[in-house]
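Listed next: structures, encoded as structure tokens.
Heads up, the next two complexes both have chain A, just with different partners, chain B and then chain C.
The block that comes next holds the complex of A and B.
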């Protein structure tokens, strides 16, 4: 099946799900499962076929207008497989949540439409088509997010996405101007290394930053991810944010970096320097890591916490991509996979808890592990990966990123990278401790139960994949090497089981099996010793106080208060900046209204005529 | 396959060696600290007695996560210790003693313990875990920056190779001398890692009832004691291999190990206890500034003694 047909079929399925949804809410949601599974399998089949060296022309266009051209590249396949997989897994949650929306049929349709948009972005080679699908995804998301908790989040999402879209549009115009064609590859190649290339890089970076939620364009992301409907948060965080990473690759890898510092400073020292543009993006990425981490530590809403962790992980992706080279790029691409899987699984686990309790606030939850042990294990595996601890996928990517950072001697960036890495232990542990562990609160005791099988299935598949990416990363790294060959970067050196970095070898399978041996020994020690007597959770040491309520024994509010106190004065700087900007825009609007749109229509008409005349002047 | 099994057996041997070594040295140190405080102190094998007594006792459990966390903690730490080289040529898995494995695999053990402690449902344990994680955020970053400097200078992150490079002399002295500022930072960070005073905030006896450990008894506590001893073995050995030129033979390793651990204990016994926010502020002030300065000097100016 060609890409064109796949996209058209997906759109049709979207409409089908809408009408099914009008007929019956749950059936409509089941259509989303069928549609996204179908798309995932088709993309997987396509990838498999192309890797086998098939000559089938997937790019053929028959029904769409002639300018809509497609090119199936390795990079496109890489992203498409990942993102469609996340869509397919998350879609299993839709039937269970669809009751709660005001417009369930619309939700189903837009869910599939955003999937179609994503396919278009990754597979087209025409810049305007890319822009169209990019906007298509933004618009679909715009109408889904208000179905959750907050309408304001959608406005913020739209504002920042628009900034990104306009930046993309201007970049497209510049490339069209230089190359004379809307072809993506020709456009990028023609501006690479020129002055226009610098502008294109800046504009594409703005677009990537706004999509990825990187500093300073990050404020929309926590609001949108935290308030979106429960099944859409994992899609936003695991899939749609990756559009930003895709654009970032176009900007940072496809375009030659600018600002040669090596020739300026190289004579003073033996150390080597990167290009100025690489440093600039890496520093912004590093700031994203630190901001995301500090904000995640102080959240009370588990979904917001995970959203800030997405911000922080977006920073890692940016740092890795900006450093580039085979290790950096491989680390960035692997981190995209690792984070997509881990954050989807974590959001799904929290979603499953919120479904039965009606809240995702950590201060209102506790002891969910006793009724939802499998959900707990899913969350545990996801956060181990997110914190970059072996034997999960996140460790491989973080290891590669560390290698790249150290190999280039980026000291200050390393401070941020290490800080984010240790900080992630702090914040991912909070939902674990406050939401799943601790005292079992009586108000949720009766409601909580093991989720239905079709909710557990995607979570378990995701968990298994997270472990797989951490234990046997080399198959995926081999595919990443194909992607990097297409991008013109040297391949990462991998053996059958080992990964060769610039200053060390990693054997993930060995690490995992040794860990397994360790756990086995500990288990044997545990099992041969005398069996323990089970006591209740309230039967604990309280230093002589008599406490009978579970809430008082559950430490979950302001968990990291001592460290939060150190920086809570500074957290609103960016928000305040955007507030002020908003006020300025409103003021400017009032001024325009005062001067041009007065009560007298003739004045308005006069100005309209003058402005139209002015705009037409250039062409005359 | 047989090779692999032998290597794994050797790894278990390393972990066992580490446990025995550290537990004995900890016992000797209890005596030394006792003398500093004008006491006699217990016998040197007291730590062994404590652990075996605990393992033999019948205890209580607060649910499956309470036990599972303990198993994961001890298992993660044993797994980490299996990678540790003892001398620069004696190790279970030659070529895979990558620095990052130690830093991150040790975290599995920490996570297991934190999980188990939170699973006990005692708020004092949660406070202890919070403090432990916060302390980790404090000491880890300056330490990692110093190690970054070493890896960048030598081009390897293998502990045994770093040891051999330092022993060969030539370009690199022992890094505690070659990078003096970094050496100071590493010692301070090591005190944080081991939870020695003034960074003892997360155990904080008499303040938060021993923090994470408050609910444990019997075999769970015994296993956590074993875990603690092996953790100390890993952390002190890291310091020996990274900064004190590794070890040519096992005797040198034991001497260096004993010297480092005893020196830290003696230093520790003259300090009070910092509050947790003071710990964070402290580490993000002087040690971090020193570490970054050292990194700039060494990497960009090439000044290495």
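The block that comes next holds the complex of A and C.
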């Protein structure tokens, strides 16, 4: 099936799901599963076919206007498979949540629409079509977010995304002006290395930053991810944010870097330099990592925590892509996969908990492991990957990124990158402890139960994949090498079970085996030794402390208060900046209203006289 | 069929309808419907009136440009008339006069005749706004409108004294061949620009707009913000592209006015908390954008922009004013959750708003992208940036408004929309979506519209 047909069919399925949803909410949501599975399988089939060397023309355009052209590139396939997979997995959650929405049919339709938009972005080679679908994704997501908790979040999502899209649009115009065509590759090639190329790179970076939620354009992301409907948060974090990574690749890899420092400082020192633009993005990426981590540590809402962790992981992707080279780029691309899988799984796990308890605040939850053990395992695996601990996918990508950072001698950035990794230990385990472990709260005792099979299924598949990406990364890295070859970057050296970095060789499978043996031993000990006795909460005989009610005694609330105190004064600086900017616009508007919109015609006459006087005054 | 009937018939019917007050609203409907219908039978031609050849006599020009304008204005007028004819029966005769005035504005090829129709349409507009029951605002509008047309007349007198002609194309040619520099014609053109600026709601000549539109009803709101705005913008465009010579200091002034209107309009809308105010300030900005597009020379796209804005404003003002009347005020807070019980109207309203904001799959996207592209490729790099920044602000307040209208924490207000209105808004919304996807006809015809095929008329 051609790309064009696939997009059109997806849009039609979106309409079908709307009308189905009007008829029956749940059936409408089932259509979203069918549609996104269908799209995922089609894309997978397409990828497989192309990798096998098929000559079928997937780019043919028959029904859309002539300027809408498509090119199935390795890069496009890479992103499309990942994102459609996340959509497909998350869609299984839709039927279980859709009844709570105010406009369920609209949700179903927009869910599929954003899928269609994503396909368009990844597969087109026409810049205008790219922008079209980019904006389409923005507005279809825009109306889903307020179905969750907050309208404001949707507005700020729109504002930042639109700022990004408009930056992209202006960059597109510059490329169109130089290249004389809207072709993506021709446009990028024509400006690469020129003065206009600098502008294009800055504009595309703004676009990528705003989409990816990187500092300083990150403020929308926690609000949007934290407040979106539960099944849409994983889509936002695992799929839609990756549009930013896609644009970042265009800006950082496809365009020649700007600002040759080697020629300026090369005579004074033997150190090798990256380009100035690479440093700039890497530093902003590093700041994103640090800010995301620090903010995630503070959160009480598990979804907000994961949202800030997405911010921080976006920083990793930016650092990796800006450093470039085969290790850096491979690390970045692998991190895109690892984070998409992990954050989707983690958000789904939290969503499954919130579905039964109605809250995702850690301080209001506890002991969910007793009733939802599989969900607990899913979350555990996801956060191990997020924290970059073997044997999960996140470890591989972080290892590659560390290698790239250290190999380039970027000490400060390395500090940020390591800080982010350690910091993620601090925050990702808090929901684990607060939400899943500990006391089982009386108010949730009756409600909590094992989620239905179709909710467990995607979570389990995601978990298995996270483990797979950590144990056998080489198949995917092989595909990433194809992508990199297309981007003109040398391939990463991989053996059958090894990855060659500049500073050593990684044996992921071996690491995983050792890890597996350790887990096995621990499990045997757990089985052999005497079982712990379950006691009620009131049974505190040995604690020397008498409890009267089964209330929550949460040790995870304000757990990191001493650390938080170090920076809590400064956390609102960026938000305040945007708030003040908004207020300035409002003030200006009010001022104009005050001066010009009076009920006095003489004011108008005054201005007319002033203007005529200005003309008659003579030449400027 | 002669285009002169488009002016003569409504005017005649207006006088006749005074004699048959009971049936006047039927006459209004019949005439406004017939004029839409009759447009299909008109040949593109230039009509000399009274047998005096141009440039001595008055000419009416029916070319592609005025035809598309006439279609737009007459259709919108018909819609507004149908929706309001029962409630505002008394105004039927006045509405007929205004129809004659608007058609005349679009058709005329004579600068003085233009003034006459401006006054005719203007007087009708003042009377239409009396239905707002805000006499002071109407009086303010009257004073400013009259001031504007007087300035137009003053500028025209100066031009007449200089060049001795009133025919548009003759005037343009005289100016071209006279050898006067732009400095000499700057004053009359500025006066005329201001005159039209008052009607077209450009800052700082538009203080009437708030009084009129912020308290408008389902007749005056759509009439002034949509029908009148479209007609005035189209005529303004004709003058800008064909007659006016704007250079030097005048260009600085005009650009200053436009940039200020564009930015301040969006900022004012952004800072407003009433639905009608948001709409009216955003139309200030849109009017400036239309003028800007005309000035940069993309008349075809400016026309599509006018069409998009006029149809959108029709829907937005209709829905808002009907809801405001039933709810008592038009605070955004009162409107919260308005569409939860009126999904059909809500969807149409949303589609139209998204089109105004310029999001893909809607008509507004097509026009906006083409305007930006053309401007950028013609080497004007600043305008696209400015337009993008303003549409960024515009997007935020419109999206905020939409989300407020769809979502509420409390009870949703109960508002009833009648069937005809639903039908109208849905048809307009569907059309914006169709032409947002099927762009070929728009794309192809825009280039044909660029040049206004001015002919002097008659046996000249």
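The rule is simple: the second predicted complex is superposed on the first by the 561 of 620 C-alpha atoms of A that agree within 3 Å, B and C clash if a C-alpha of one lies under 4 Å from a C-alpha of the other, contacts with A are read in each partner's own complex, and residues count from 1 in each chain.
Note that in this section a residue touches a chain if its C-beta (ideal position, glycine included) is under 8 Å from a C-beta of that chain, and two chains touch if they have at least 3 such contacts.
The shown structure was predicted, so the numbers you read here are calculated from the model rather than taken from an experiment.
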(request) Please determine whether it is chain B or chain C that touches the greater number of chain A residues. (result) B
(message) One more residue to check, A:616. First (chain B), second (chain C), both or neither?
(response) second
(message) After the superposition on A, what does A:197 contact: first (chain B), second (chain C), both or neither?
(response) neither
(request) For A:523, select first, second, both or neither according to whether it touches chain B, chain C, the two together, or no partner. (result) first
(message) Looking at A:438, would you say it contacts chain B, chain C, both, or neither? Reply first, second, both or neither.
(response) first
(request) Using the touch definition up top, name the residues of chain A that touch chain B in the complex. (result) 269-271, 367, 369-370, 373, 376, 380, 384, 387-390, 395, 398-399, 402, 405-407, 409, 411-412, 414-415, 418-419, 422-423, 425-426, 429, 432-433, 437-439, 502-507, 510-511, 513-523, 525-526, 529-543, 553-555, 559-560, 562-563, 565-566
(message) Residue numbers of chain C touching chain A in their complex, please.
(response) 136-137, 140, 143-144, 147, 151, 183, 186-187, 190-191, 194, 198, 203-211, 248-250, 252-253, 257, 264, 267-272, 281, 340, 354, 359-361, 365, 369, 372-373, 376-377, 384-385, 388-389, 391-393, 395-396, 399-400, 403-404, 406-407, 439-440
(request) Mind listing the chain B positions that touch chain A in their complex? (result) 8, 11-12, 15, 55-65, 67, 70-80, 82-83, 93, 95-96, 98-101, 104-105, 107-108, 110-111, 114-115, 118-124, 126-127, 129-131, 133-134, 136-137, 140-141, 144-145, 148, 151-152, 154-158, 209, 214-215, 218-220, 222-223, 275-277, 280-281, 288, 292, 295-296, 299-302
(message) Can you tell me which positions in chain A touch chain C when the two form their complex?
(response) 65, 102-103, 128, 132-133, 135-136, 138-139, 142-143, 146, 151, 154-155, 158-159, 162-163, 166, 169-170, 173, 176-177, 585-590, 592-593, 596-601, 603-605, 607-608, 611-612, 614-616, 618-620
